[in-house]
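These are the structures, in structure tokens.
Below are two complexes that have subunit A in common, paired first with subunit B and then with subunit C.
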Partner chain A sequence: MIAHAVFFYIFSFIAIVSAIMVTAARNTVHSVFFLILDFISISCLFIMIGAEFLGMIMLIVYVGAVAVLFLFVVMMLNVAQQKNQWFGSIKSSSHIPIGLLISLIIFVELLIVVGGWKYKPDLLNSSNIIISQTTSNTHSLGNVLYTDYIHLFQISGMILLVAMIGAIVLTFRERAGLKRQSYIKQISRERKDGVQVVDVPNNKGVKIDV
Partner chain B sequence: MMNLDLIIPEIFLSLSIMFLLMVGVFKKNSERLVYNLSIVALIILFSLVINLFSINEKLVFNESYKISNLSSFMKSITIISAIFVMFSSSEYIKSLNILKIEYPILILSSILGMMIMISSNDLIVFYLGLELQSLALYVLASFNRDNVLSSESGLKYFVLSALSSGLLLYGCSLIYGFSGSTNFIYIANSSTLIEYGVIFGLVFIIVGLAFKISAVPFHMWAPDVYQGSPTSVTLFFAALPKVAALTAFINFLYTPFVNLIDQWQTILVFISIASMLFGAIAAIGQSNLKRLIAYSSIGHMGYALAGLASGTNQGIQSSITYISIYLVMTLCFFSCLFMLRKKNVFYEKIEDLSGLSINHPILSISLLVVLFSLAGIPPLAGFFAKFYIFMAVIEQSMYFLAIVGLLSTVVAAFYYLRLIKIIYFDKPTEKFETDHSLGLKITLTISTGILILYFIYPGLLNDFVSKIIII
Partner chain C sequence: MNSFSTLFNEVYKILFLLIPVLVTVALIVWLDRRVWAFVQKRKGPNVVGPFGLLQSLADALKYIFKEIIIPASSNKVIFILAPIITMTLALVAWAVIPFSEKLVLANINVGILYLFAVSSLGVYGIIMGGWASNSKYPFLGAIRSAAQMVSYEVSIGVIIINVLLCVGSLNLNDIVLAQQNMWFILPLFPMFVIFFISALAETNRPPFDLPEAEAELVAGYQTEYSGMMYAMFWLGEYANILLMCAMGAILFLGGWLPPIDNDFFSSVPSPFWLIFKILLLFILFALVKAIVPRYRYDQLMKLGWKIFLPFSLIWVVLTAGYLLYFNLLPVQ
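On to the complex of A and B.
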């Protein structure tokens, strides 16, 4: 139990520190690396509470795909060298007081809302939580995703399809004079199309017409 | 076991989207074919939806998807107007060189999103439908990507819409957190409905929805987006998403939050009054017809919301009638716009209409009818639409709303009548071309006919609408 607590504090400390460093780091590439560290420690926390599927998905999706994509974008755009001077400039500083005022008002309003928050009484009693020992995490997640919410799953699929079509429509341009590889042409090429047996006379050489 | 036959229209539409995509990819130069096939798909879809008409209210997918008279009616008017949108704009798309296979496919997927939104009985389903619908619309707005205005309008719509989606999602999360469910029926029965959190969430959701139907004060995007996008897309924008968002309004306000009517009625009355006034006053100074119709549609949404604000069945029905007649008027007006063509250039300035009646008497009569109808002059359909709304509002003794509505009708009549004056009494300009496609002519004839002849037999529409009983 003590080891559990120790590991919990180690991972959550790393998670919090690296989350702060994401915003505090000067260099954008460093920020992305801190983000990756953050994801990794959070996935460790997930694994510690027994949600192994979520932990692994976190690693695969967020670290493996999203963070690497971020890294690529950061490197492509070369924003690492740019310094953020927006807050300091004269042009923008006139907007800041109004923005702060509005966000303060919204913040106070939200405090009022959250002030009314209370947990359901049966939520605090952990004996009410039903945990089946026979079905695994993955199994029950799959049940929710592919049985209870199958229609939402399918609609999300349609949304992704539309996003893909949209991205292609808006960016794809067919360029003229582009040379493309044609597999069919390559495969169906035969020996007689490319190779020619020429009778070479002595001391004359061959004239190849190009 | 689930009743899959209730969602056959949605399944059919999704399958036909994928099928058309395949046709477009594997058959070269099949733009025209895909376009026509998608019209056919819409017609089949319409008959499938009609088939569900007589069914009583039914819930599928763990009560998260509702098939009722309201949803069937809204779906069918959406699909009919989509068919006519496709009919009337084919020539425009071709001459603007934006006819690609993706164009009809994006329109179909947007309609799929609208259908999901219309039938939603759950926060998640509703949000996914909304996203599917608007994602396709972002792309359509910037479809003419070589045009600066079009790209700008797409970007503007995307950024502002993403912001409003964020607000809406925040509202959804508050409601879920405080009531413990995403299902409308469970939310309605939850005991914590009067807490601040739920009311906050409700307000956020109203903001998000008001953005989608471009009601004041969330209207800023509408004129720019309407002007920038290709006219065929503007027609789509002005007509269809409003139906879906209005249905979402009805579903939201009258299923989970009907007991909070004191809370949302004031907000709705304010939005409605502001939209009516702003739509009437801001349109006066416009010189572009598309911008003008954007402001006019803001005003019309104000009237539709006024019906909803009354909180009675009669009010809801009058809103539904209003939105149906609004669809016809929009279709008619835009078909007239599509006809202002000279050597493949489409004219959309007000002064281009100058003296139209000399060279094009029939087109001018159509414009006259639609403008009078938009202004609400009897005996045209637009008058009855407004009449039902005011009746419902006055019955609830919301006199202030009715008075402001009437006053803004008078103000709005000014700019509609100014257009008529320009058409009939100003100096004629050059002739426009007259060889229009058959679809465009049919659309214009049918929509003008409906506007003129509605008063002879209003029961045709009203019988359907009166079957929609919400509370």
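On to the complex of A and C.
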């Protein structure tokens, strides 16, 4: 039990410190690395409370895919320079109200969650999730997700799909003069399409239409 | 005192797993070069030790005694961290590989997800190395490999879903035991082929070794590394290849199960079968390296997103439909 507590404090300490460092680090790439560390320690905490499925999905989706794309964008766009300009100039104040508003909303949401749980502790039992030692939480999660909440689950999937298609449509632009490789065209090419045998009269030459 | 002995026991078990893995990695480098040479009618490393078996040891000694050069303009912490992360992640994943029904370090419920997660984290070693070097070629190599590994992970994930549909559990031992009657390579053969090719791309092996394409990028993300740090990248890479082979063996070739369930084959200890299958897959990896030319980058992306992903998704629908129609879905 003591070991459990020790590990809990280690992971939560790392999570909180790295969350602070995400905002405090001057170098944007370092911020993203701290964000990744934060994700990893949070998923360790998930595993510690026995939600190993959530922890692993967190690792795969957020650390393995989302954060890689983050890193990609941050490295390519040279955001570090912009950030330093914000820090250095007086204009930086224009970003602070929006940031404060968003953090206030998140804080209120957290209050509602914690308050609801304190106000009505049997909220957890109202769902159909089977929480026991024998069933793995992958099974119990799947049992609820694909029966009671199937419509919500499907709708959230559709929203993500629409968002993805929207992003592609918005950023897609047809460039002129682009040469594309077409496998079908290459494979279906025959001898008569490529080779032409001509008799060349001496000292006169031939005209070949290209 | 009791907890101390438990700790000691666990450390002993971990060392008992990791030291053979490291030795195997060294030997596998030798095997890779030998197979490569064999295909090209060369002799390959055959001087140091019997059949050149100690070649990797000699190379490792050379790397250890070389100077580690850290570029002045690099980001030093991340530069040093990158090979360590690559190596650690490659070794950490071996914790869940089952060598027999009992012989597994951590028999966790979500074993296959753990393997998938650790292999998807492998990209960080490369990105960090490429970015921290603060130079053009490593950065280009890192960007390329990040895109490549993320793309091929998607199709590997879908292939894993195919296998899991037939098993009904995320536990690696359950996956092996579900293949007692028939290995999954038979009903899911196309998936095995796609898994094999995706594994090549995921581990940056030829023909998909674009991150370190010598002709255009010098050595990709490894350009600025020297000495022991380069050796760690190299060890991590080969440990990752072995891990992918182990994953293929567990998902499709029946893991530690003997090929035919008779007295003779069953009398051979089951870890032997897993190692045998891993080696078999590795020799395939080595052969591919010797006989196939490198892909172009746009062809690589086209293959991953436009061919493998739709095909494996369609196969998920087919597998699920088949299992549902014939009432074969594994229900617990």
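The criterion applied here is as follows: the second predicted complex is superposed on the first by the 140 of 210 C-alpha atoms of A that agree within 3 Å, B and C clash if a C-alpha of one lies under 4 Å from a C-alpha of the other, contacts with A are read in each partner's own complex, and residues count from 1 in each chain.
We take it that a contact is a pair of C-beta atoms (placed from the backbone, for glycine too) under 8 Å apart; a residue touches a chain by one contact, two chains touch by 3 or more.
Predicted, not measured: the structure shown is a model, and the values here were computed from it.
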{"item": "Touched partner set for A:117, first subunit B, second subunit C, both or neither", "value": "first"}
{"item": "Subunit B versus subunit C as contact partner of A:148, first or second or both or neither", "value": "first"}
{"item": "First (subunit B), second (subunit C), both or neither touched by A:163", "value": "first"}
{"item": "Contact footprint of subunit B on subunit A as seen in their complex", "value": "109, 112-117, 120, 148-152, 154-156, 158-159, 161-163, 165-166, 168-170"}
{"item": "Subunit B to subunit A touching residues, read off their complex", "value": "14, 17-18, 21, 61-62, 64-65, 100, 102, 105-106, 109, 112, 116, 124-125, 128-129, 131-132, 135-136, 138-139, 142-143, 145, 174, 177-178, 180, 195-197, 200"}
{"item": "In the complex with subunit A, residue positions of subunit C that touch it", "value": "3, 78, 108-110, 113-114, 116-117, 120-121, 123-124, 127-128, 131, 139, 143, 146-147, 150, 153, 157, 170, 298-299, 332"}
{"item": "Of subunit A, residues touching subunit C in the complex", "value": "3, 29, 33, 36, 52-53, 56-57, 59-60, 63-65, 68-69, 71-72, 75-76, 136-139, 181"}
